[in-house]
Amino acid sequence: MNTTTTAKTAVAPAHVSIGDVARAQRWRKVGMALLGWAVALLIFFPIFWMIITGFKTETDAVADPTLIFSPTLESYAAVQGRADYLKFALNSVAVSFGSTLLALLIAIPSAYAMAFLPTKRTKGTLLWMLSTKMLPSVGVLVPIYLIFRDVGLLDTRTGLIIVYTLMNLPIVVWMLYTFFKDLPKDILEAGRMDGAGTLQEVWYLLLPLTLPGIASTGLLSVILSWNEAFWSLNLTTSNAAPLTAYIASFSSPEGLFWAKLSAASTMAIAPILIFGWLTQKQMVRGLTFGAVK
Amino acid sequence: MATLTLNNVVKNFGDTQVIKGVDLEVKDQEFVVFVGPSGCGKSTLLRMIAGLESTSSGDLLIDGQRINELGPAERGLAMVFQSYALYPHMTVEDNMGFSLKLAGVSKEERRSKVLEAARILQLEPLLERKPKALSGGQRQRVAIGRAIVRNPSIFLFDEPLSNLDAALRVQMRIELARLHEELKATMIYVTHDQIEAMTMADKIVVLQGGVVEQVGSPMELYHHPRNRFVAGFIGSPKMNFLPAVAEGVGAAGVEVRLPGGGNVCVPANGEGIARDAAMELGIRPEHLELDEQGALSGRISVIERLGGQTSLYVETEGQLVTLMVDGDVAHRVGDDIRFGFAASRAHLFDADGLALESLERHPLASLTRQDNRAESKA
Amino acid sequence: MIKTRASGRTVGGLRTLSLQAPAVTLLFLWMIVPLAMTLWFSLQRYNLLMPGMGGFAGLENYEFLLTDPALWSAMGTTLLLVGWVLAITVVGGTLLAVLFQQEFMGRGIARVLAISPFFVMPTVSALVWKNMMMHPSNGVLAWLSKSLGLPVIDWFSSLPLTSVIIIVAWQWLPFALLILLTAMQSLDDDQVEAARMDGAGPLAIFFYITLPHLKRAISVVIMIEMIFLLTIFAEIFVTTSGGPGLATTNLAYLIYIRALLDFDVGTASAGGVIAIILANIVAIFLVRMVAKNLEN
């Protein structure tokens, strides 16, 4: 702080006193705070509005926008009352956590091999994995749809779990690879000197030390699966339909009950939103594929 | 109770050969130091001994048993890493006991062995702490403790002191020497710091470009370097090298002409050296002395006063020569001085950089640290 | 630094292979089987509504598609959508990152609020924007215009693509912000102070120090966003269903219309193949970009 102030006064014209500079800096700080909060609230506004609307009556919801209303839980009660809601929510939970667990299970050995037993082909394999992610889902929708229809996976949780697992696998492998590579090589070598075999190395050293990374990878996978809407809209109709499909059903004009829609939406995004808030820092590190520290 | 033998050991990384055929004999209870500039292959060689790198060809033998195919843990060695490589999620006690836990040693026995090592290293009050809560020196001691607990046949150290500050480094150096004495174990130590090498080693192995340049006791390397590289690497400040021309070879040694015209007869075996051959004369800064009759002269361009000693950097015939002289010398920058040296202190190198064999062996050249100890006890 | 393990040559190679096998095999199947089938179907006459009309079609489906103005319009829409969203999120994200890098009261909470849209499922955000923000009679934006005495915009009928772009950009702006902010925090303070000593003002610091430092992060943002943006579906499905007309029909949505609404598997597959080719063109240069990032 000292150096910057001196630097500034040195450059500033002689008649500007240090007090002026300090005052200017204080005002700048206040301005930044106002601007920062204004922008943050603006970006957050649609979510805020949705949450608010969930506590309104249907009449209030379509009335002129106002923050003054008598809050009610009737929309939540109504949404809860629809037996459907819980089924959709359960599908979302089952599908996103199931696919995440499966993806982690498949990805951990692969990422381990890439990070600690690299060969000449490792980099190529990684890039190829990522490139499968660029294969547009629409390009393969028809065959997947037909295969699923023929083997009876349409509108089943298992079917969605399979699709989501494969959909997220490249990103999960990449993120785990990034986290594993961050682990100092020395520590695993020390473990090997101490007599740890591969399994012990993974169990006693790798997993405990990269647990935050694995958790955030899993979380991102859950978020992506939870929010995924292409496959869930196209491969499910009712039995296995997750919340994305449930919410999408409100897009039809006859379903315009905004307060209820808002209540349902709030419940649909709340867990993931809170997860995301808590883990944003960790998640970003993995998402940048180690390119940004 | 462990000897280590390397027979023509080679390491290839792809097409590059980083260890180019190393032969070495490490005796029981010996403290051997691998030293060399960075990239010389010293760490790779250590890691090959540890089993963390494969050996491309040649044999590694411990007590005469070939160990090339054994995994790192089966070799019965312990290694202390430069970064310490402590397990950050385990307490000091768990860190030290991890190898025993993997080996299926009972909890009580583990605890007693860890306590024993902790006693030796004065770590008892820290056993419940995580590495995060330790200072650099304490982490270093835990890393050593982890090695001790395994009761290895050979200790391997990979630049263990390079992350410590200067004062702590001196202290740990002494502690390691003490430890070596107490444990009576064979130790192999890698460093780029020649002071660590000189102070701790029974035997120094100087490596460069994957080749062993010289093996010998510290005093042997200092007094009888085999070539220009070793001469320049061992000793601080660095040895001065002056161009010289052979004037004649006789029973007393080789007569050379120095830059500036002075002549000196160095007592070295000049067999095969022709008259007028271009050579290099090596002389350590601490062996140069101010002398009105000296063979060399020049102008002082920089003076560094350390108190007890003073370094003079003298411009001599277009070359900077370093003198290490008495701390109270009164000269100033710009003074013209004459200086010289005892001919027996000089080293001669031929055009290939190989040292001419000295005609008289330095009396301390074969001294080892063990001899030091024997004398001090007597 | 070259890394090889003690047993790297023989056993390690085998170990690497066996550990990677599940992931690699599954991804390979996931890619190759549908790809082959898509290719095959695209050469067939195959409509689920007309089971009798099968048979080899040759390039008929492609011909039908490539002469269909809908395809070109959909490709244009796709590129416009991706391009605009990328431009908005990268520029906006950089500015926001600079803003949230400054210290101010409650910065942590403000930042958390600003990144929230990233965690909201696309169907929800599309519905919220459609019904509560952009609705011509009850939306907040309409109310704002009315209060200010301005004409009310019916977003989805008069500016359909713009509306979709706004929604998608709103969803992805936080992502750009998150990554760019993280990158910005790694900028060396000494560098900035040295620049300040050299007399650089805030703008000069931004353009000569901050922006070059963010280059890698920006390329990561572009890469990841592109992967997801090329196949935007839910936002369109929920808000405009591709309309009015084809105004908001991107490639993903077009294939969806053909395949699942018209039941024309052959044409839809041909569309899929075109989408894959398009994605690969993009992928080639994206992969190169990542590869460069990997060099470190």
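By written order: A, B and C. Residues from 1 in each chain.
As a convention for this text, contacts are C-beta pairs under 8 Å (C-beta built on N, C-alpha and C of every residue); 3 or more make two chains touch, one makes a residue touch a chain.
Everything quoted here is computed from the prediction, not taken from an experiment.
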{"item": "Chain separated most widely from chain C, comparing mean CA positions", "value": "B"}
{"item": "Chain nearest the global centroid, as defined over all protein CA atoms shown", "value": "A"}
{"item": "Chain pair with the higher count of C-beta pairs in contact (A-B, A-C)", "value": "A-C"}
{"item": "Rounded Å distance between chain B and chain C, as computed from the means of their C-alpha atoms", "value": "58"}
{"item": "Distance from chain C to chain A - Cα centre to Cα centre, in angstrom", "value": "15"}
{"item": "Centre-of-Cα separation between chain B and chain A, whole angstrom", "value": "54"}
{"item": "Residues of chain B engaged with two or more neighbouring chains", "value": "51-52, 71-72"}
{"item": "Junction residues of chain C - those touching two or more other chains", "value": "5, 8"}
{"item": "Chain A, residues touching no fewer than two other chains", "value": "none"}
{"item": "Touching residues (chain side chain A, partner chain B) in the complex", "value": "184, 186-187, 189-196, 200, 204-205, 208-209"}
{"item": "Residues on chain A engaged by chain C in the complex (per definition of touch)", "value": "3-4, 7-8, 11, 29-30, 32-33, 35-37, 39-41, 43-47, 49-50, 53, 62-65, 106-107, 109-110, 112-114, 116-119, 122-123, 125-127, 129-147, 166, 169-170, 173, 185, 198, 223, 226-227, 229-230, 233-234, 243-245, 247-248, 250-251, 256, 258, 261-262, 265, 268-269, 272-273, 275-277, 280-281, 284-285, 287-289, 291-293"}
{"item": "Chain A contact footprint on chain C (complex, rising order)", "value": "3, 5, 8, 12-13, 15-16, 19-20, 22-24, 26-27, 30-31, 33-35, 37-38, 41, 96, 99-100, 102-107, 109-133, 138, 140, 143, 170, 173-174, 178-179, 182-183, 186, 193, 196-197, 199, 216-217, 219-220, 224, 226-227, 230-231, 233-234, 237-239, 251-252, 255-256, 259-260, 265, 268-269, 271-273, 275-276, 278-280, 282-283, 286-287, 290-291, 293-294"}
{"item": "Residues of chain B touching chain A in the complex", "value": "50-52, 71-73, 77-79, 81-89, 98-99, 102-103, 146, 150"}
